[in-house]
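Here the chain labels run A, B, C and D in written order, and each chain numbers its own residues starting at 1.
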Amino acid sequence: MADQDTTQYIVSTNPHAHSGASVQRIMLDVIIALVPALLLSFHYFGWHAVRLVTVCVVGCVVTEALCRKLMGRDLGIFDLSAVVTGLLLAFNLPPSLPSGMALVGCIFAIAIAKQLFGGIGYNPFNPALIGRVALLVSFPVAMTKWHAPLNAARWTALSWIDGTTTATPLGAVKTALATNQTCPVTWGNTSMLNYLLGNMSGCIGEVSALALILGGLYLLYRRCISWHIPVAYIGTVAIFAAILRIAQPDANMPVLFHLLSGGLMLGAIFMATDMVTSPLTKQGMLIFGVGCGLLTMIIRRWGGYPEGVSFAIILMNSITPLINRATRPRVFGRKRGTS
Amino acid sequence: MDINTILITAGAIGGVGLVCGTALALAAKFLAVKEDPRVEAMEEILPGANCGGCGFAGCADYAKAIINDGAAINLCAPGGAEVLDAIAKAMGIEASVEEKKVAVVMCAGDSDKAPRKHLYNGVADCTAAAAVAGGDKVCRYGCLGYGSCANVCPVGAIEIKKGVAIVHPELCISCGACVSACPRNLIKMVPISRTIHVLCSSKDKGPVVKKACQVGCIGCRMCVKLAGDAFEMDGFLARRNYDIPVENEGIVEKCPGKCIIKRGDSEDPAPAKPETAPEQTEGEASETKREG
Amino acid sequence: MITYVLIILGAVLVNNFVLTRFLGICPFLGVSKKLSTALGMCGAVIFVMTAASAVTWGLQRYLLHPDGIFKLDLRYLQTIAFILVIASFVQLVDIVMKKSAPKLHGALGIFLPLITTNCAVMGVAVLNVQLKYSFPKAVVFGLAASLGFALALIIFTGLREKIDRANPPRAFQGVAIALVTAGLLSLAFMGFATLVK
Amino acid sequence: MKAIPAKFKVNGGIHPAYHKELARDKAIENMPIPALLSVSMSQHLGAPANPIVKKGDSVLRGQLIGETAGFISAAVHAPSSGTVKAVSEAPTAMGTTAAIVVIEPDGEDTWIEGLEGIADWQSTAPKTLVEKIAAAGIAGMGGAGFPTHVKLSPPPDKPIDTLILNGAECEPYLTADHRLMIERADTIWVGCQIIRKILGATTVRIAIEDNKPEAIAAMEQAMANAEGDVGITVLKTEYPQGAEKQQIFATTGREVPSGKLPMDVGCVVENVGTTLAVWDAIVNGKPLTERVTTVTGHPVAEPRNVLNRIGTPYSDLLAFCGGLKGDVAKIISGGPMMGLAQPGLDATTTKTTSGLLFLAPQETQTFNSMPCIACGRCIEACPMYLVPAELSQMLEAEDYEAAEELNVLDCIECGCCAFACPAHRPLVQHMKQGKSKVMLKRRQAQKK
């Protein structure tokens, strides 16, 4: 090294090598996993799906940029987490929701549920779900106006004629339970196929269970989520539904109905597994999944709302710090419990 | 409203009060816990800022220490003279009043004058930076400018300007938190009336200092010759003896190392409170400062 | 038996005293810094609320009510009498805790005597009267309400330890962000609305 | 005696890109004596040695130039014959400053007389053997640098039944131990028998990772006719298999209790390089004056395993390997996982310099202050089963009591968590700061 070495080298503590993982890459993987459900939502709900997705994604990203500017922090939109929140929020909205309300949902999700706590990583609750629940509670009518998929006017007319509103399967079950008549929804393998492919009324992203499972497998392969939460969650719902089905066959729907209807697949695979708001350890994730399953079925069976997935997940989000505290691994060289 | 309804109401409520009162009196007698009244009195006198300047965990802790273990009564810096007199009167002993002291950072090597050795990439905190390869400044003794002292200062009197910490004397409440926060012990408590300082702490020889900083003390002993015993040499480093005022102010211009300065009223007005984190210049390695 | 289960479910989940009825917010925010102090507070509140709802029911039925022992309608004295009883229970807890758990007593500090003015405690007593509960129902309601308070406080303490390490903008640091979190938590508890008719 | 796969395995740990192929098949090359040798007195863990020579003295190779200062310290010897140009202070690889003896070699490289080995070491008392090792100034060459004579004299109430030779070398890029095992298998085996005799250990295991088949074959061949409970444990390749506690568990299934030492479970772990130095000291009577360092990295023209004299400047080492052919972001003394980043090439090699690594910009990890997204990958990676995610957030908020309760002191700073962290958080730096603050608090508490 003849000349006086003037270049300055980077100096830091160890380690100097890295696995190459990055938050941006993880968020990109989640977006890729959501693409199948996205395309199907366009297919089933036409312009309305396109409108809602664009409004939500753009709304979330712009809100995040504004908040970061106001807080004088670095512009954090490049980690794509706002895009993921926007997509997931859009997936939880009924097709006919006005854009203005969707924007309110974005502002609530990003500004209040996430940036107010300081940005990614600090929010205790899942932003997209807080947005959805806030909308559900503030605009109950608009949030429960459903339309049948493959509606002929979905690509031509920008606003649908009101006549074509229908109730979601879970909605019909809930009204039957409330007025304790026998539930009107029939369940054969054709309806199962429809639920699987998504040919049923509901939120634009939750309809097709198959597309969501496909996305979930991609995430599992990319190690962005682990199997613990989805399996525990869906397993608990299945067992609980089976018990109810056996106890009162006429008042309760079969297990597969509960698995494929409503927001369970979307919630269990994408919302509950949100890293920031779910427990750290595998053991904690199992407890989290079981808890979500129980709460979902309690609300579906006895609660006021037809769908309990959103409430179940944010309730379990609130318990996550306690679960983390309780499920710490045994330190190498220490007996359990001794600090 | 005949008379007996009034009597009955008063009697009813009075009765309930009586029953509860007696129950509590009995409980208080059996479960009494001795409490020293003087400690509570002392707590009232102390300002209650819990700044820890006295070295105890808070005012309550300091009060207990004064009463039980006879701790020194002039440790409460923020309280200043009034608190000192009040404690002295309460304790019935004579109090010694001292002149107010302010913190001064004994280094002026900012990013223009003192080059960096390497691109430090890690937690933006002086102690952390000093632990990685001995700090990222060529000068081994200089201020690293990552703001450990500024974060600790309860009143935000320390500002980081171009990589060097500067204490604004008029804001300093002399609690001394910054003195222990600096990993390189550059901050000294100096009587507020003294305004001439040797802003360097490098014990290296002249040529080494010259390579490390443009405003370093090269140990030429000029100040000792000119201003007598107001300065004293500590190896190759000139240190200010603050007990003796400096008569010949000319030393400030004559110092060849340009590290002796006069800082009466600080050159630039103190900001109200440093709002944003030190801005991250592109050139420097990505600092990991917690914003907000 | 089923009515008691409904009362408990109603008071703990559906109409939780803190998260739905918004009673007892100041200890809820004040004590939720550390789990150990929060548990201490839960113990104190459970004792005071249950005991108070029992005694205040008796007071209302036998003293203030027109067909009580004085045959006089003294119900307008309800608040004073109730507060008197609650205050003495709290003072009792204060003395006992100072003797048995001085460290916890120091940690709770001002929030222990503050239970006297805690609207949840007073709320239970008044609700017992309004809902015209029988004595066993009133006691179960008092216990259930305090369990609801404890549940909300423990969950919130867990959240508080996470958000204390968060990095909100300067204006929202401290209690402000805690209030926002409490708001979101009560939004979550709305899921239990109309769970129990 | 066959190589048996390890029965136990610590979960956690990571699989970095190993890049061993750069220098794995390069035989160890002897580097000519550089123009200047600056021998640092801080060559090891514990108190630096005190220099006993002054400017102008002429010294011979193997002559004592720094005597031990305190119990945990090691002697330092002149790496070559020549005159002492200066005794001053210089920055060490750690960044701290320590005394340094600068020798200008005269080229003859003559050994000092009176250095003779102990021929029949089998029958010599362990005490004299340990004294000979201490006189040779041997310190752990795996990277920690713990003085060997201290490690080989455990207190009588701590019997040692198992000796483990650490041939894992789980750090990516480094191949020094790998080459040593291939080229010096038989002398390492003799050294191992010497240490076994000193400790009176019954079982001997040589732990080698399964990505070093040639090394396993060479050691198997050298130990062909060994008797007693002797064997090679083949570890699954994973970082950090070379860490003491993890290796003891993988080889014997014993878990060293927290805050305790390997001798508390009857084991001693010794690096293969150190074992070779023990052989050299006992059989030939030679003090430790040189070691093998892997100079590697994609920007290096010809990566090599260099047998260099202690005190060789890094710049000379790089020049011997043909200088740089690509631009460099980081210079590391040691491996990429636990090595020490260097501001430049002005430090010199010591007994613990196992590698000199040059990382290209795209390979280097840059830390930033992004918040933790609780993905849990650091918990999966931690070989001590700690919770780095929560610990680092506590330490960032300076909550040292809570961190102490979560056992931050058990962290071995192996770097697995920061390696796996998608948010690029400086987790190891948080742990280091946390550990020093917690230790400081404990010392202050004891003083009161």
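For this structure, a couple of remarks:
Definition applied: contacts are C-beta pairs under 8 Å (C-beta built on N, C-alpha and C of every residue); 3 or more make two chains touch, one makes a residue touch a chain.
The shown structure was predicted, so the numbers you read here are calculated from the model rather than taken from an experiment.
Chain centres computed from CA atoms place C at the largest separation from subunit D.
Comparing chain pairs C-D and A-B, the larger number of C-beta contacts belongs to A-B.
Averaging C-alpha coordinates per chain places the centre of subunit C 61 Å away from that of subunit D. As a whole-number value, the distance joining the C-alpha centres of subunit A and subunit B reads 49 Å. Computed from the mean C-alpha positions, the centre of subunit B lies at a distance of 42 Å from the centre of subunit D. Among all residues of subunit D, those that touch two or more other chains are 340-344, 366-367, 371, 396, 426, 429, 432. For subunit A, the set of residues touching two or more other chains reads 8-13, 71-72, 118-119, 122.
Contacts with at least two other chains are made by residues 117-118, 121-122, 131-133, 136, 285, 290-292 of subunit B.
Across the complex, subunit C is touched by residues 70-72, 112-113, 116-119, 122, 124-125, 130, 133-134, 137, 295, 298-299, 302-305, 308, 310-312, 314-315, 317-322, 325 of subunit A. In the complex of the two chains, the subunit D residues touching subunit A come out as 10, 14, 16-17, 172, 245, 249, 255-260, 315, 318-319, 323, 328-332, 336-345, 357, 359, 363-367, 370-377, 379, 383-387, 389-390, 405-407, 410, 413, 415-416, 418-424, 426, 428-429, 432.
Residues of subunit D touching subunit C in their complex: 371, 393-394, 396-397, 399. Listing the residues of subunit B that touch subunit C in their complex gives 5, 8-9, 12-13, 16-17, 20-21, 23-24, 27-28, 31, 33, 290-292. Every residue of subunit C that touches subunit D in the complex is listed here, in rising order: 164-165, 167.
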